Structures are given as structure tokens and as C-alpha cells.
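Chains here go by letter, A, B, C and D, matching the order in which they are written, and residues are numbered from 1 within each.
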């Protein structure tokens, strides 16, 4: 049921190389995790370039964010990963990217939600069968108070477990998946949708459709 | 006359790596096919990353979209490939990309056609000898009903066999070619023209030419 | 004085890989040449992907564009290369790129000239010592009549031999250099300046400086 | 205390490859240095492509910009590196990039300062703990008079040693760090912030927030 730890670490290294190659975690931003037990998950250490993470650059933490048998410092946003795993028991990987388009659009909107509609790519999310529905992604004001932010996220995610992702304003995107492939697909879909939506808003503002 | 199956599969893998490296099939979107017989073609299986397809990730289907000797699931849009092959007997490869610029511009326009003019790159399409003509590409509203959509596409493509490509709104671009080289050239030309046209519309809206 | 032919062919292959990796010659567009004698130069054959050119993908032509001992078909724009070599006897390499930003801005402007000012990168052109001068690049309306276009270009380039490059509207950029390094530097500088100028015009139109 | 010279040269080559791969030093622009002694630092020679620098492409200079035991020509902007090292004794690496977004935004603004706010990425700078403060980066009008420019930069940097970077208009970004990792993180953060701010200004001008 739970991924074996060596496989988990290798999978996280692989996801890290991929987000690094896409430029989605600049300047050591972003973080990655893999749930390895009922009460624990592996998360990337603070302050390392995600594109060149090694298997030893992850530590085990519990759901309060406390390191388990490690003196490494986990990512500042460990509690947000814990919220996701506690509300989505089937999730095994959480990917937090921090791209330019994700930053710019979310910072501009500030808080509330981002609504995607009429994008075929919405179907990249498991359970979405058509472009012809609204894909609603919660957007939270950025905060350095992780306890407060985590509770805010928990409240929204608990109220609708179909929420496929969430965004922190001026900060980045959180997605998750049951497998490496699904986590990557969800992360890529959100990043591309954020870029599409940024470009769409420029075009729509300049040449409005009747 | 028909490509040998091993060569066809290897060619499709090669095209997949190329579209993957360009970022034109994000989050497992897009699909690829090669016609291998009068009534059959190989098409990519559903739900795989196009940039890392292997030779076994294609299955043979007939022109109604039915798998031949395979329990794999073909791409949802198999019927659109069948329409192209039935109307363009010389075509051997169909490439469906799903890029950001293709998505944004086509979603904005909604349906009808996209007209390219005064781009030297129009000459990348076989049979086009000058930039000084209109290159008209049909644009269809996106739909999850493939039978209806396929018939709509068939009607437009049958009415003018010089149509070099078509676009699904908010979804992506379909191109085809007699060889790998021609299919790649047509796919790349359409993607670049879509990006050019997106950027041109921003510039034209902000600093109109007299 | 003249580059040895094997070295010339290898240098052109190298430049081809570089422009290919930058995406500046999409869909087999663009062309490359190297002057190898008083009256001859090697030029890329028509219709090949510039990023994967091989040493045999070049043929020798004279200054009227006629192939020398070859039944290969030279690039359609061979005469424009001949004009450059005839007016710039020190030039050994000509690079014609065909990028998105070069296409969009030049197509928008149509004809006349593109003026760059206050870009440090202007100094990438040999002989330019400061950003604080206008760098004036001629812009020609695109044409499929190479004889007429070549004479038009010749007239403008002859009138001012300090002209560092020229642009065909909706088509692309021509630059040249005495060495591979200089030709690459000039080509890259023009491409980046075109992209800078495109972006600058959007920003200036939206948030004008007083 | 001071980096051993071989290690310093290898580190500079590595940083060069990285900025080259990102396209941040086009057409031989940009420069790199490493302080190797109380009164000396290694700096890249003038006029070479930063992405393919070799260990021999650096020379030692003193704080007046004079080469030490070398007839190579240092980068034109050597004095700006000297200013940084003299005011930031802990700095070991200076990275000057020259990206498109850095060029366009800074040229548009002209001089004064660039203020970043509400970007999580501000925390990439050592000592910045929150997005909820203004990150103020001085912006200087570009100049070819390095002595005047260096004194102007010195005045501003001396007045506030917390300044994390500075920008020359239409030219590029200067950042520094105590280690290769910190210098890269600061350089990347500034480049991404410049791109974010460019895009944010387009979006804000077109769809203002109330």
C-alpha cells in the first residue's frame, strides 16, 4: 500500500529533475513530497535547488511537520502537504511549483478562486471528462504564518474534495496525485492552464469577443 | 506503398520525442498516428506522455476507430485521424499538438476560421508558393462528441482538399504529411504561425497600423 | 585568406545546430552560407531542417546564384547572400534566421527601418561602442521576386556600408560576420533586439513614459 | 578564507554554463567574477560567449581594474565588480546577466529603483523572510563611462548595505553571493522577478485591480 522508501526517494528525485528542467522551481523555490506511511511523508529539505535534489535531500516528517529521526530542516510549507495527505488519503505525491505565470496571475488576482473553462486540458485532471464545465481552483492570499494558512486551506479542501489543486497568490501552485505519472500530469496541467489563462486575459482585454 | 509496421512505430516514437521536447503536448495531451494499410492506421494509446512514447504504445485501428487485435484503448480522437486519412489518401502521418498559443488563440476565436497572411512561413505548407495569399485554416468549436465532430470536420475538409490543417478551439492543431519530415514541417509551421498570430494581435491592438 | 571547404562545411553545420537549438529556423526556414572564394560561396540546400544539416547539405554557387558542379537546389534566397558578400568583402558567413519575434515585429512595421536605441546589446555589433546611438536596420517588404528584392537590398546596403543587418517583413533577419563567432554574435544580437523591441512596444503602449 | 584559484576558475566556468543555458548572456554580454584575495578577483575576459567559457578565460585584476600578470583584456565593467567586493567583504562571486526581460523593463523605467512586493520569491535573497515587504533594487541609467558609473553605484550601495542587487537600464542585472549556490540563487531570483514584474505590468495595465 505505501511506497517503499528507496523507491519514494528516487521518484522524488525524478520529479525534481523534471520541474527543474521546466523552470518551475526557480531559485530553490517549490517543494516535493511522497507519503510513505499512515502518519508520515518524505519532504524535500529547505533551500536546495529542486532540479538537482539527491536521494538524501528528503526527510521524513509527521503530520504536525515534525522531523522523524533527522536533524535536517524540512520545507517551510510542510504543513500544507500534511493537509493534502490528511484530506486525500489516496494521494501519494504532492508537487508545489512556483512558476512565473503562476506567480503573476495569482498575485494579480489576490485571493478567491481561479476559474478555467473551455480548455480541453481541464481533462488532464482525473475525473474531469469535458472542457465544458468550470474547473474551480481555490486561490489563497500568501502568508508566512503556516499554521493559519494550513487551517484556511484545510477548510476549503474539506468542503469540496473534488478540488484538484490550489494556488497561493504571488507564490505558486499545489497539486497532488496517486502516482508519479498522475502527480506530474496534474502539475503540468495546472502550470499550462495558468499560462493559458494569463495569455487569454491579455488577448481578451485587447480584442474583446462580442 | 505502405510503411512497414516497425518503421511506422519507430517514426511515431521519434515524432513523439520531438513534440515532447517542444512542449506541444503537455499533460499527456495530443496524439499521433501513421497509416499502415488501406483500411488501418497505428495510433497512440490514450493517456500517455507523448514525449516518452515507446514502440508498444501504439495500436492498430480501422477507420471506424475499432482496435484491431488489441485490448489497448486508442486516443479519444481516433475518428478525426480517420477522417483525414480517408480524405487525403497520400497522407501517412497525422500530428495533433496542443500548445499554449494554439489553445489560447483558438479558444478566443471560438469557431470559424483562422486566416494567416503575409507570413513567409506559410510557404512551409506543400503547394504554397508565396506569403502573398491567405492561408485559411478551419476552426471548429471543441466537442467531446467525436462522431458529430468528425462529421463536421469531414464536411469542411471534403469541400476543399487544399485545407492544410484544422484547429479545435481551446484544444489544438491537426496537421498531416506524406512523410515524417513533411508532417513535422507542417506541425511546426502551424504551431509557429499560431504563436505569431497571437503576438501579432496583441501588437496590432496596442499600436495599430494606419 | 579563404576558408578551406571542409572547415567551411563543418562551420556551417555547427551554426545550423545552434540556430536550430534556439528555434530560430522553424519548419525548414532560414538559410546559411560561407564564402569560400572570390566568386563562390557554399549555401544550404533548399528545404532541409537547419538544426540537423550535414556537411553534404551545402552546395557551391556563384554570385548569380548558379550551382557549381552540383545538381542540388540552393536556397531560394541565394541572391541575397550574394549581395552581402559583394558589398562586404570581409564577410565570410551569412546567417538568415526566421524567428517568431523577428517575424511579428517586422510584419507589423511592413517596410522602412527598425531603429534600436538605448540597448547595451547594440554594442554586440562590431564597431558600435555605445548604447547611446541609434542602430538603424533596414526593413524591406517581403517578396518572392528575388531579383527585384536583391537589387533593392543592394541599393540600400551600398548606400551605407555600416548597416549591420537587414530584415524582410514577416520573414526574418539577415546578418553576417568575418568569423563563425562574429556571425553568431551578430545573429543572436539581432534576434534578441527584435524580441526586446517587440516587448518594449507592448509595455510602452500600455504604460507610457512621460 | 579565499577560494583556491583552480576551484574559483572551475566555479566560474560552471556559473557561465548555467547562465548560458538560460539565455541570460546573449551575444557575449554579461560577465562573471570571483574574489580570490583581499585585493584581487578573477573576472571573465572581454568578448567571449559566457556559456562556453574555459578556465583560461578569466584573468586576475586588482580593485582599480588593472590586470595582474596578464595581457588579457578584462570585461569593460570590471570596476562595478570592484565596487561590490569593496562594499560587501563577504561576497565571493558577482554575476552580471543581461536578459531580455531585465533589459526591457529597466530600459522602460530609465533610472531610479525597481520595487518588488508580494512575490514569495523575494525570500530567495538572504535575509529576506517574507513577501510582505518591499524589495527595493536601485536602477541606474546606463553609461559607457565606467568610472562615473562605478562611483554612482558605490554611493548608493554604501548608503544601504542591505541592497541585494542593482540594475543598469537597458543593460542588465548585477547580483552577488558568498557561495556559488547563493550567487546563482540571487541571480536567478532577480531574473525571474524582472520577468514577473514585466508580465505583471502588462496585466495590471489591461485589467486593473480595484
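Operating definition for what follows: a residue touches a chain if its C-beta (ideal position, glycine included) is under 8 Å from a C-beta of that chain, and two chains touch if they have at least 3 such contacts.
Given the structure is predicted, the values throughout are model-derived calculations rather than measurements.
Colleague: Mind checking chain A against chain D and telling me if their interface is mostly the same residue numbers on each side, over half, or mostly different?
Modeller: different
Colleague: If you average the CA atoms of chain C and of chain D, how many Å lie between those two points?
Modeller: Here the centre of chain D sits 31 Å away from the centre of chain C.
Colleague: Nearest whole angstrom, what separates the Cα centre of chain A from the Cα centre of chain C?
Modeller: Here the centre of chain C sits 44 Å away from the centre of chain A.
Colleague: Check each residue of chain A and list the ones that touch at least two other chains.
Modeller: 202, 206
Colleague: Answer with line, ring, star, complete or other to describe the graph linking chains that touch.
Modeller: Topology of the interface graph: a ring, with each chain touching two neighbours.
Colleague: Give the pairs of chains that touch; include all such pairs.
Modeller: All chain pairs meeting the touch criterion are A-B, A-D, B-C, C-D.
Colleague: Under the definition above, what is the set of chain C residues touching chain B in their complex?
Modeller: Residues of chain C touching chain B: 26-29, 49, 98, 100-101, 103-105, 107-108, 110, 142, 144, 168-172, 198, 201-202, 205-206.
Colleague: Residues of chain D touching chain A in their complex?
Modeller: My answer: residues 118-121, 124, 129-132, 181, 184-186, 188-189, 192, 195-196, 199-200, 202-204, 206-207, 209.
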